[in-house]
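Chain nomenclature is as follows: A, B, C and D, assigned in order of appearance, with residue numbering initiated at 1 for each chain independently.
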Amino acid sequence: MREHEAAVRALRQTVADLHTELTRYDLVTWTAGNVSARVPGADLMVIKPSGVSYDDLGPESMVVTDLHGELVEGDFAPSSDTAAHAYVYRHMPEVGGVVHTHSSYATAWAARGEPIPCVLTMIADEFGGDIPVGPFAMIGDDSIGRGIVETLRENRSSAVLMRSHGPFTVGKDARAAVKAAVMLEDVAKTVHFAYQLGTPEPIDRASVDRLHERYQNVYGQ
Amino acid sequence: MREHEAAVRALRQTVADLHTELTRYDLVTWTAGNVSARVPGADLMVIKPSGVSYDDLGPESMVVTDLHGELVEGDFAPSSDTAAHAYVYRHMPEVGGVVHTHSSYATAWAARGEPIPCVLTMIADEFGGDIPVGPFAMIGDDSIGRGIVETLRENRSSAVLMRSHGPFTVGKDARAAVKAAVMLEDVAKTVHFAYQLGTPEPIDRASVDRLHERYQNVYGQ
Amino acid sequence: MREHEAAVRALRQTVADLHTELTRYDLVTWTAGNVSARVPGADLMVIKPSGVSYDDLGPESMVVTDLHGELVEGDFAPSSDTAAHAYVYRHMPEVGGVVHTHSSYATAWAARGEPIPCVLTMIADEFGGDIPVGPFAMIGDDSIGRGIVETLRENRSSAVLMRSHGPFTVGKDARAAVKAAVMLEDVAKTVHFAYQLGTPEPIDRASVDRLHERYQNVYGQ
Amino acid sequence: MREHEAAVRALRQTVADLHTELTRYDLVTWTAGNVSARVPGADLMVIKPSGVSYDDLGPESMVVTDLHGELVEGDFAPSSDTAAHAYVYRHMPEVGGVVHTHSSYATAWAARGEPIPCVLTMIADEFGGDIPVGPFAMIGDDSIGRGIVETLRENRSSAVLMRSHGPFTVGKDARAAVKAAVMLEDVAKTVHFAYQLGTPEPIDRASVDRLHERYQNVYGQ
């Protein structure tokens, strides 16, 4: 742990700060949503404590666990979703950040067990196709983590809608996973609105591929 | 009253502060919603004054009544819903806090007289099953209080949707009742969205029981 | 005008302040909504200037006109809805405040030309029955004012939904009219939600009468 | 460029400030929306940099390009929508500002490829008729710009809903284009609500013409 001290200190700040994006974009209610980050090069992650108000989150209240969810450092019990985050880090080495919310529109798709169809250029850009549904899974063991990983492996989406529960998103780091959570709710909402008054047409596969490719490689600085 | 002075002083602050959660989560409009707290070990409660703006609420504007709603201390008339709160405290000794709002999605279910079905893990966690509907009852006597108590006694839900009116929630203390009011609107909204485009599947009873048990006993610090 | 100087000065402040309630409750977009107040005992009113941003409104930017909408005092042209406000003051002596918005849910009912049915106790309390629709009327002469007055005279509602346009509300003073505008959008939204998934039952007339009577006479301080 | 230095400096501030209206009215998520302004009398425009957070936008982070989107001044790569803005400035000399968002309700109409019908006086006022749909067009060449220009040329609307993508708005300057983007989302939302529970009646053409004429010439200061 000593050798990763500086990285952990920085990630405590980053992960605490990123929770303010969850409240800013109305993705979470009361204490129900969490961000984690993998500590690069270590079998460690930084995650939100369980049941603590977003107002009271600072770097010092973040919790460090190993990749089986065992507490390594911190004054609080880790998020009750820690096992799911840890499972993702163990099985998806390319993932550096995980986010879980119950954001309303994404969770409504999850409640019906329906993927969000790729009917917007923004979905093609960020998610590369339909946003998939994962299985219904009980909290308390590896079921949720396994459901996330198995669903994401078959897709290029960075988001999965866990059935009757809510979305999980992943990214190369915690910020990218938060971005995916924000974009997910935005498109879940817009596509919900679109279907309320008709049936939007899907974008053809070749255009989806070109949009996704371009956005992943050209967009930004 | 003298022996409970310190408790009353603390609860005046707590109850005033908790009203800011009602506005933060958009559960109330103008002056239409209220929080109360039982004074532990006394036949007293602290409650919002009637028709006072949330901007103007501080500890000093809170009102103390007995458990029949008679004014004991305070410069203002108590909330017009005081009789309902008082009835709940008289008949549910385990309840330490009561909240009433007209939050939009929960009130829409109440307008139709439809329980919110348990189609989300968050509903199982917090409410332990479908969220029930109470009878239509006129303000001015014990009708509303009786409707709340009779409905909640037959359920493990901490929320009841009073028909054509709006939700009441209860908790072991005022903060827990506010949390229930916030979670209620969140799930009322998400399930509303889910039903707008299809029919979400209910979670089976055994899973609901396991989720509720775990959340009530393991979640948080 | 000299004799009403103090009243005008106070109302400039009041009317400017009340516009912040319109933005707080999301009733207005850009510059599209306005509050006015009658100057008691005078044939004068204080109203918002036309096309000025809500950020830039202070007591000094308010405009004073007579009850035919002619400018009496002020550095700006009065609201383009001034004629409608003035008509109401000329024909409804009991009215001391008028508000116009294009708040989204109320305007959606207005677009369909459908009254909002009295299916919630809050509607009975504040509006005393269904919230009525007024005629389609062009801006530029007395058509809008006449439509408001003729509709409100046949109802005890303090709000009218002007067809294909948006709501107007009235009150004994400007604050009461703003309160009505806020409550209107709240119930327009909740009843919209209720009808999206079914058909809420109307409250019987006797109960509506009792609720309205009580709320108008007992509620508040 | 030297001769336009003062104009560019002022527009950097204006364009940066106008982005705060996009976030204030919830028209944009994360970094997905942009404002530009033509530099009067020059073949230059000021535009948002690509993928930069709205929190971090100031005058100094704005980018200056020519009207083919080539970087002229600035520390960042220009918005990935720069080619579309530039095409509009090249082909519509009366346009001084362009805005692009993915605002939810407008984008839902765009996803279905349905124009927003002129059923509200506010639509007649600001847009002069139905708000038209533009073609599906890929990013990366002149397709989007051409689609915008061809659609707007056949309409007096200041907004176009680009199919499966989102809205673009134009104005005589950047502020007018932002106003159109704000009004567009407002009417897209209200008309969405109206159609959810029925079929609003269109305003007849003569009334639309009179409303539009009046609003464009009489409204404001």
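Everything below uses one rule, namely that a residue touches a chain if its C-beta (ideal position, glycine included) is under 8 Å from a C-beta of that chain, and two chains touch if they have at least 3 such contacts.
These are the chains along with the protein names UniProt gives them: A, B, C, D = L-ribulose-5-phosphate 4-epimerase.
These numbers come from a predicted model, not from an experiment.
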Using the touch definition up top, find the fewest steps from subunit B to subunit D. 2
Which chain's C-alpha centroid is most distant from that of subunit A? C
Fraction-based call for subunit D against subunit A, same above half, different below: different
Quick one: subunit C and subunit D, Cα centre-to-centre, how many Å? 32
For subunit B, write out the residues touching at least two other chains, lowest number first. 196
Kindly provide every pair of chains that touch. A-B, A-D, B-C, C-D
State the interface residues of subunit D toward subunit A in the complex, per the touch definition above. 29-32, 49-52, 76-77, 80, 102, 104-105, 107-109, 111-114, 136, 138-140, 164-166, 192, 195-196
Subunit A residues within the subunit D interface of the complex: 25, 119-122, 179, 182-183, 186, 189-191, 193-194, 196-201, 203, 207, 210-211, 214, 218-221
